[in-house]
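What follows is chain A paired twice: with chain B in the first complex and chain C in the second.
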Partner chain A sequence: MATIDYSSVKPQKPWRLDSKQLAINGAVFLLAVLLTPLFLNLTPLNGKLGASFIFVVLATIGNTVLSIVRQGFKTISTSIAASLIYLATALVLLPLASVLFTVASKGFTAVKLNTFTQDMRITNPDAPFTEGGALHAILGTFEIVLIATIICVPLGVLTALYLTEIKGRFENLVRFLVQAMSGVPSIVAGLFIYTVLIVTLGVNYSGIAGAFALSILMLPTVARTSEEVLKLIPNDLREAGVALGATQWRTVAMVVVPAAKSGILTAVILGVSRVAGETAPLLLTILGNTTNNLNPFSGPIAALPLYTFSLMKTGLDVAISRAWGGALILLTLVLILFITARLLSGKKR
Partner chain B sequence: MDTQPTKIAGRTQNQRGLPMSGSNPVKSLAAVASGARVANKFTPGSGLEANGVHAWFGKHHALADINLEFPANTVTALIGPSGCGKSTFLRTLNRMHEFIPGAAMAGEVLLDGRDIYEPGSDVTKIRLKIGMVFQKPNPFPSMTIGENVLSGLKLAQLKIENKDEILEECLTRAGLWKEVKDRLGAQGGSLSGGQQQRLCIARALAVSPEVLLMDEPCSALDPGSTLRIEETIRELADSIIVVIVTHNMQQAARVSDYTGFFLSDGGPGQLIEVATTNEIFSTPRDKRTEDYVTGRFG
Partner chain C sequence: MTTTQTSYNGVVPKAREITTQPRFSDKVFRFVVTSGGFTSLIILSLIAIFLLQQGFPVLKDMGFGFITGFEWNPGDVDNGVPVQFGIGAMLIGTLLVSVIGLIIALPIAVGTALFLTYYAPDWIKKPLTITVDLMAAIPSVIYGLWGFFILMPHAVYWAKLLHNYLGFLPFFKMPADVFERSPFIAGIVVGIMIIPIITAISREVFSQVPLDRIQAAYALGATKWTMIRSVVLPFGSSGVAGGAMLGLGRAMGETIAIYLVLNIYFAPNFQVLFSAGGNVASLIVSKFGEAGEYELRGLMAAGLVLFIVTLLVNFLSNAIVKRTSRTGK
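Here is the complex of A and B:
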């Protein structure tokens, strides 16, 4: 059989704008940029905010006119809606980008290699950046968050299993309490542990007290996210397991949880990133420290948010830069966790 | 009728409200029919038998007074329009019915002469003996093809000896061995829909059930896969009891020895007629059966 030669047919995307149309779009955009200063002078608006507002209005009008010319009046609402949607997206991204940029630019100078190898036991907060570091705070954060995770993961996942698999008598009550817990202000969690563990039971200010305080904040996140993930597992799988003669426990352990594995992992990572940056509960429970404390069960301990907070409080320029450095390290850690969570949850089998 | 809905959990013997045995014309008809075709195949105390089975969802009476016998080594097809309770009946046969919140039932289901709803009976053992294949293929997504086949044994904590033999035997009986023998380590979800359904059949066979219940196993499959599964069902009938719910009357005619026709006239679903498949499709006794199988309604 002779093979037909199709090489003369080129794949096309007729639904996309061609280069000429793209150029016109670009021209409209540029025109809006150029006209902005003019209108800024003509109207009582002023400053960056006024300029952005005028630009948005001009660009929306320009795009709308363009689409009317191309496709007629029918598309007018689509075009205005599209412009507004892009605007809303930009407005949401702007503060995020601004925070990232500010922390990175202010903190970058304070982060040197020794930041990760030294602590602040013999260094003044206003000594040069080449002395001292945040090692004690990084280690402290890891210790506290690790213990909080060890406390929360079994509790959170079991709570989620109670809500999705057992559906017991207290299902609605438990779900309500978990939801209410996720609204508890973090300082209240700190106060609670302070009152119960430190004042009443006489536990010292220590990593374990901080970990308990963080657990209170982490538990609802882990439980709720795990519940959502477990709810996505089709009922067919549970029925298939049980119909094969398995007990409910074996079905959950061998079929349901493995199927939700990556989702539960995401729940845990989200929980960790939720609490890694908490300051308020730690203020009342770990007290802060300037030296490495590898024993979370005794004595005050440092953590990155607290490190940032206490250095900022000194009011010294160099110390404030160090604080920005601490914030940058914290932000990076949380970002890494978030990206890991996204990769794990988005992973296709 | 004095039959009362009773919650499945925590029932006692005297709450059952069983109708008098032998009082039902449909059942005696079944006995006549089975006797006519395969003489003496049904001996009381072996095989599967439903006596006066009712089912409820909350207050809704879904199924009324079903009496059916499933003799050894036969295929029984359950046909009828949607919503007539065929699937519900199937699910009462291996106690999957009780998974639905608000479900209740009455009557008895005898496997080898013992009621599977007897208080204190081990429900997991019952489901091991009475396997089920669902409408939608549902292989376990976290397991490979091989692990899926063996999953029933692992889930029920049975000892697995000669793993390779079980794999080959079950996959061969399900008609899938040739297609997957070189990729038993691949994910179960990587198979096509028809292959997945045959994988589910292999999985159900691995625990050596005495009865296999199939709830519209081919409704999501292409004709080729349907044919393979029908062949599989015929082969299975050499050794076990198969009960299949189907909307496809040609399929019922092709694979089954007996056919039961279910119908709901707005009230609970009832078993209108049961006989050999030949009789149901050629000389049905009931006018409604005739109308249904000839395509005049439903």
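Here is the complex of A and C:
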């Protein structure tokens, strides 16, 4: 019996549209675009909202008519549903694009070289952009986030190790609580640190208080992401370590954690990007400042989100532009962290 | 045998005892990791204890009026104005804004999740997923800034349209002609902020739909949408519900973005297009700066209520999501 060489047989996809049908699809789409201004004039609808509404309706009708012609009347619901699903995706991307575009364009005018070298101690919020800057806020954010990371990472990794290595009696309870903790409102975390440190223990507003508040918000992200990563480490590695006579502690410290190193780093970066932009807890714990404060253990300190927030609240035009500048720096920082985390985790898989 | 042992001068290392008991180092290790694992329990209980301890005097003085009262007045002893703290209007407002956010976010998020699992071509799936995740990473102060300066003018226009054409509905009525900073606008901002959470969870659930059921539906002649309606949506519905609850919890705890776009008003207002709303978290931010000692305790009690409410919503949603992912139905 002759064998068939399957490598020469190309898989057929008869449901795919051929080029002629695709061209018709494109033509219908173009027709919808072209007819939109016409309907805009004929109907009482107007503006961008009216135009997009008419376009969506026209495109849906065109699409539906096409599918009726091709497949019969029973596919009406299918083509309408497809249009709505495409619309939903567009509605997700629209605000995101708008946020990114506005922050970039409005922030760009306010960010000058001196933004990174000066602070606001002698500058009025509505002075020209060539004076003053956000150095104090940038430094403050780095200090606070660094300390929060130092506090949070050991605790988060220990929690993840408890969930994956010890698997104790309370495994499910702990997992449940970590999930519950990720829903703690950021303002509550700030209020809690305020009650403990500032009201009860009498510590002043300081970077360390802000760092404690942020580490509460960071912990669930670090713990859950690290847990996911540690779960991916094959059990063979653990068994090999134990079989060589290592204690569990040596196995975890020398084999499991090093193997999960880049994943844990990703977890830390994700945690940092989660808290770097938090404003509410900082409002209650660090108070904000207009000058550099290099000592996170005493005195009010500035941070980028708070800088943006308080400048916006002044209501002055120039100050609001400065706030957009602060938002741009903050967004850039968060984006860099986010992309780094994606690249790290992408390489792994 | 015996000769070799004696000629060895007696430094034979003693064989390790074979035992199931963990060694001392392991005991330390287990102790440290276990106590580390309980951090979340400790922090959550400390939050509850401290906020309760600080807020207790106010809760005791106000009684149930703290939940049901509508007035927030630090009082004035000299002029005989009584102290009155009640967060009823704020709780109603929080719920209202979150529900509006959810109504806006849920269909969009589910549609996007369906697009990502069943409609998108393969090459676009990953970048699009990352893009949606990116929405969750944008700081809330930026959403607030954007919501106030960019979204508000548009949203006011949409609100006017709704009022003009659907004004006969009780919640679209307007007591006065002020459309800015309404629960409607805050709801849109919050909705945008919770879209990525609901999308992520829905996508996860939809991708777990057994392939054989999908193929069975296609084999019976289903189109893509009829397949989704008869297989994917029934399978994923409770997972989506859990995701929606999770989004609701997030929306209730959202602070800065709402504070920037919502006008805090101490009376219950169900006219969603009118410029008056309430929000527990925003109340804390707005009163914190000038609060006296007793009022601060009131704010902590408000924080406690917010904490408990969000915790309950979270427990519930996690339970729903977990049950879905275990039983697949």
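Simple rule for what comes next: the second predicted complex is superposed on the first by the 268 of 349 C-alpha atoms of A that agree within 3 Å, B and C clash if a C-alpha of one lies under 4 Å from a C-alpha of the other, contacts with A are read in each partner's own complex, and residues count from 1 in each chain.
The rule we apply is simple: a residue touches a chain if its C-beta (ideal position, glycine included) is under 8 Å from a C-beta of that chain, and two chains touch if they have at least 3 such contacts.
Remember, it's a predicted structure, so these values are computed and weren't measured experimentally.
In the superposition on chain A, A:191 makes contact with chain C only, while chain B stays out of contact range. Once the two complexes are laid over each other on the shared chain, residue contacts for A:121 go to neither chain B nor chain C. Judged by the touch definition given at the top, the superposed model places A:237 against chain B, while chain C stays out of reach.
Once chain A of one complex is fitted onto chain A of the other, the partner contacts of A:70 are absent, as it touches neither chain B nor chain C. When chain B and chain C are set side by side, the one touching more residues of chain A is C. Judged by the touch definition given at the top, the superposed model places A:258 against chain B, while chain C stays out of reach.
By the touch criterion defined above, A:276 reaches chain C but does not reach chain B. Look at A:247: by the touch rule set out above, it reaches both chain B and chain C. Comparing the two complexes, residues 247, 250 of chain A contact chain B in one case and chain C in the other.
Chain C meets chain A in the complex at residues 22-23, 25-26, 28-30, 32-41, 43-44, 46-47, 50-51, 54, 107-112, 114-115, 119, 128, 130-135, 137-146, 148-151, 154, 157-158, 161, 192, 195, 199, 223-226, 228, 246, 249-250, 252-256, 260, 281, 284-285, 288, 296, 299-300, 303, 306-307, 310-311, 313-315, 318. Against chain B, the residues of chain A that register as touching in their complex are 234, 236-237, 239-247, 250-251, 254-255, 258-259, 261, 349. The touching residues of chain A, counted against chain C in their complex, run 47, 49, 74-75, 77-78, 81-82, 84-89, 91-93, 95-96, 98-99, 102-103, 154-155, 157-159, 161-163, 165-166, 168, 170, 173-174, 176-189, 191-192, 195-196, 199-200, 216, 219-220, 223, 247-250, 252, 273-274, 276-280, 283-284, 305, 308-309, 312, 320, 323-324, 327, 330-331, 334-335, 338, 342. By the touch rule above, chain B contacts chain A in their complex via residues 94, 96, 99, 124-129, 131-132, 134, 136, 138, 140-143, 151-152, 154-157, 187, 189, 200, 203-204, 207.
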